[in-house]
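There are structures below to look over.
First subunit A sits with subunit B, and in the next complex the same chain sits with subunit C.
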Partner chain A sequence: MSDWNELRARLSHDLIKNRLIPATSRMIKVVNGSVLADPLETFDTTVTVVWAETNPSLKLLFECCEPDLTPRNYFAVEPLVHCPPSTMEWLPDLIHELWVERHDVRGWCKSGCALAEGVDTAVQSASELLKRYDADEDKTDVLGALLRLQEAAIGLSTHLSLVGNRFMI
Partner chain B sequence: MLPHILILDDLFGRVVPGGHNVDRENLCANFLWHDATDDVEAKASRQKVLEPTANAVFFRAQSPVCAGVGDIVENDIEATLEVVRGGWVPQAGSSAAVRAATPWAMLLLDLCFYTGLVTEESHRRTPGMPEGRPRDDQPEGYFGLTLLDAIHRTFPELPIFILSSKPREEVSLEFSRRGALGFIARDDLRGPELLEEALWYHGLLPDPAGEFVGHSLLLLLALREARRAAGHRENVLIKGERGTGKELMANYLHRVARRDRGRPFVTVNSAVFTPDLFASELFGIQPRTATGVEGKTGLIETASGGDLFLDEIADMPPEVQAALLRVLQERKVTPVGGRQPTPVDIRFLSATNVDLEDPARGFRADLLDRLRTGGTISLPKLCERPSDIPLLAERFVREAEAQRLGTRHREITDEAMKQLVAYDWPGNIRELRSAIFDAVNRHTDVEFLVPGHLRLGRDRGGKLDGAPQAKVPENREGAAAAGIGELGIAELLEIQNSFNFDPREAAQWAGRLGDLQLAQAKLLARYLQGALAMTKRRTPANPSGQIQIHPAIKLITGDSTITASKAADLIKRLLGPLEAELEGDLREAYDTALRLRPRAPKTLAGRT
Partner chain C sequence: MTGKGQVLIIDSTGNRRKELRELWSNVLGYEVVTYGDSEFSSLSSSGRSEILAADALSKIQPLGCLFHHGDIAQYKELEVKKVVDSSQRVVMFSGVGLSGPKPEWGKNWLWIPRAITGRGSASDREWRQLADWFKAGTAGTANARSLELLSVKKRPQFLIAIYILCQGFLAAEGMRVKTTAVGQTRTREWWSVPLLKSAGPTLVNTVRQEWGEAVPDPVLRLVRWIAGESDIEDSELSKTVTDAKKELECRIAK
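Here is the complex of A and B:
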């Protein structure tokens, strides 16, 4: 597994699927009263912590997707590295462009960034609401924010898992 | 009583050095589990699940459970099997604490267990977790599947589900082949509901209402069969020796059927149906204005939409069997004197303590097949579930104390308990209850129930404390062992008819004639009380039923031609001697009889 794919799998499986989504679901149980715990403290020690670790890595993942996975890289190693210079002038770039177009790599990265931003916004929004949380008055608003966060996190996780080996040739 | 679930998972089972296992807390909150693990993580938890659905015990299935940087983590089958064994079905000799704990209702098993060195980086990513070795993450190397093999081989009845975030399709064939019952994806938001369903259908759950006491494997398996049968509306046969709780099981089946809540449940003892009586009782009577015949709703129609429990079906006369078969085939009943059949939606729950397949029994094979389309539930004998005897004995001691005002609270000594566990209980739970009540009633001023207080089997015979001993015929040994409450009416009559007063005990007779008369009157009143309960008219609006004195008298006299007036007269004669202390159904029956026939009753003695 390439480093990029390893990072993608770790983000999708370990951090989002196994940490962020369960932490958000737990928060929903805390706010709806099934579980007794301090809502803000729980949020800060679970959702905030895991998102702080995930978000920068996600940015890196989307930025590195094209340069790390492009088939152009094959021209830097055996055996394609022996292609004549005249071929090297045009073939690697052509292969790269065909790959990008065929798999809509930029589109995938762009929508991934948008989904990550969506999660980030949802985290910030829930965090703000929780800072001034009054269980009697704000419960519905906070639950709504957490459900939006859960939905955004599931969307992001699905987006990351859809890739698999799709970008490989 | 919450079910106990064991979760074998490296992530949730680990103890985080100097920190919290946040992953475990997340899981417990999502599934609404109380963390019942005996470790520092459970004690340090910062949350409390208010209405937990289960007690969850976590184990890492690896050593060490608490690993820090520099430690090497290895999978540990032996330690895992020991943990599973520790919470499995207790044996009869177990300590009180172990006996009181319910066994694992289900085991949830992870697939991928990471092994190897805990590095700075792996510890930073997930505290206490190692880097992992290449095969850990490959389906062919999943330690979870190896564990599944070992656990299923050692504990074949323990229900196991896979709980994993790995793709199901990678292992769908393997987990089934190795004995797991299903797969719950850890990231499935419906996980808690899926687990609830899995527990219901596959879990080994004690009766939450506590009516079935105990958690021996055979009992839990029977309860599971009942829950499975409760999920459909097919007819169910309940098999078990006398005193094993067949009616209780029918009740459980009706009670746990979620969609049957509020539906009628009608109980019938098949043996009371003489050919003369069965048609009107089962199918009802069409009212006839011209002839003045009163209408009556039959028991089948009363139970329509719900369950009809037919107890002792082996005693059902052939004519009744044939008529019942028609109802099962056509799903319609026609009242006596009527022409228009009424469709019925009914499930039959039948019980027997004999082998109905034995041709010598004369039970119709076609009827038997139709009475068990939804399966057969076999209730274990008490001697097959010795670990439940202490729990049952303690329950019966408390019940006996509650019934006997002024008696002391007592404990059963270890020696007495050993004696109870060692006895083979041919009369099963009913006999145990009877023996405990006998011991409590005869020894009210003690704090301990000791072996000397127990009269088991032949020792107890038909003797009542302070009364002459009945000359019980030899072939009544079993019935006598079960206590007077266990006797059938034939045995009761035989004892009464053969009872002789021993002249050597004449000193005890003085002044007892009144007591004997009163006891006889009470016995007859209880006979009537049973008949009133049996013939109650139950409707959806009144599921507990309304007493009917005329059918009750027909039942106990065996005279289907007796008039309502004569029935009322007989009620007055039966209950007159006890008028001052009548309560409940008997009081209602007596008042009804007086309304119908206001003349003062003749005494029973006058009649006889």
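Here is the complex of A and C:
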């Protein structure tokens, strides 16, 4: 597994799927009253902490996708490193462009950045509402914000899982 | 308890746990102990699932443990930790594949790199290899990473290189302005210089090894031509390259 793919798997599986999404589900239970815990403290120690760890790495993941995965890199290692200069003049760039177009690599990265921004906005919004939250008052706004966060996190996780061997060549 | 070897499966995903339990019990001949999210159970002689009492639990000594990484938090439970630690070998798996060991794992735990969503995620032969390796215990000579299920497959560098050259050849064919460099793609030398400089006279065998099974005819024909072992008529070259590219694309994406 390449370093890039390892980072992708770690973010998608370890952080978003196994920590952020369950933490959001738990927050919904806390606000609903089926789990007893302090809402803001729970949110800060679970959702905020995980997202603070995930978000910068996601930015790096999308930034590095094209340079790290491009098949142009195969011209720097055996056997294509032995291509003569007359081939090196045109083939690596051509192969790169075909790859970018075939997999819509830039589109995938752009959508990924937008989904990550969506999660970030949802985290901030839920956090703000929880700071003003009063358990005796109407919970609709807070629950709505948490559900939006859950949906955004699931969308991001799905987007990250769309890449398997597909992008590799 | 019977004289069969025991395997422990820890997985809170019910369907997958059931599939793995049936595989290890019915096909691989193990006595299976499972843990979902709260209790240990095993199959009775009548095939029914029974919750294991504390005294039965203390007698469990699994030869191997299959542990779903998403349930690693269960390892903090004293009872679970005790049974897992009594397993001779622990193999971690997940529904999306694992890239390497995690800090919270025990020492010497191994992992399955590919995604395991059920019995069909590996062939019966691969499961059998793992089962035999568990049974061999610490005396087993097989290196864990030589087991297909635990091996980290290397990218097939030569297949990828040939695929890239096929793309270059076909793109050059479609270009309106044919430069000298592009015209070279129809020569054997254009293909053979990089490939033979790396593989030497073993190119055909190298490709066979990377492919792993019977190499499809168009790929084999192209590689043998590159290696100078056979000829391809100029009029047939485009079709051979097109067909080989299709085959390579499917193989590399696996």
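The criterion applied here is as follows: the second predicted complex is superposed on the first by the 168 of 169 C-alpha atoms of A that agree within 3 Å, B and C clash if a C-alpha of one lies under 4 Å from a C-alpha of the other, contacts with A are read in each partner's own complex, and residues count from 1 in each chain.
In this section, contacts are C-beta pairs under 8 Å (C-beta built on N, C-alpha and C of every residue); 3 or more make two chains touch, one makes a residue touch a chain.
Everything numeric here is computed off the predicted structure, so don't read it as measured data.
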| item | value |
| --- | --- |
| Partner chain in contact with A:84 - subunit B first, subunit C second, else both or neither | second |
| Which superposed partner A:95 touches (first subunit B, second subunit C, both, neither) | second |
| Contacts of A:56 with subunit B and subunit C, given as first, second, both or neither | neither |
| Partner chain(s) touched by A:6 [first = subunit B, second = subunit C, both, neither] | second |
| Touching partner for A:21 - first (subunit B), second (subunit C), both, neither | first |
| First (subunit B), second (subunit C), both or neither touched by A:45 | first |
| Subunit B versus subunit C as contact partner of A:30, first or second or both or neither | first |
| Superposition-derived comparison: subunit B or subunit C, residues of subunit A touched | C |
| Where subunit A meets both subunit C and subunit B, residue numbers | 10, 13-14, 17-18 |
| Touching residues on subunit A, where the partner in the complex is subunit B | 10, 13-14, 17-19, 21-23, 25-26, 29-30, 33-38, 41-42, 45-46, 150, 154, 157 |
| Contact set on subunit B toward subunit A in their complex | 11, 20, 22-23, 25-27, 29-30, 32, 46-51, 125-126, 165, 186-187, 189 |
| Contacting residues of subunit C [partner subunit A, same complex] | 70, 94-100, 102, 113, 152, 155, 157-158, 160-161, 163-165, 167-168, 171, 179-182, 184, 190, 193-195, 197-199, 249, 252-254 |
| Subunit A - residues contacting subunit C, complex | 1, 5-6, 9-10, 12-14, 17-18, 71, 74, 77-84, 86-87, 89-91, 94-95, 98, 161, 165-166, 168-169 |
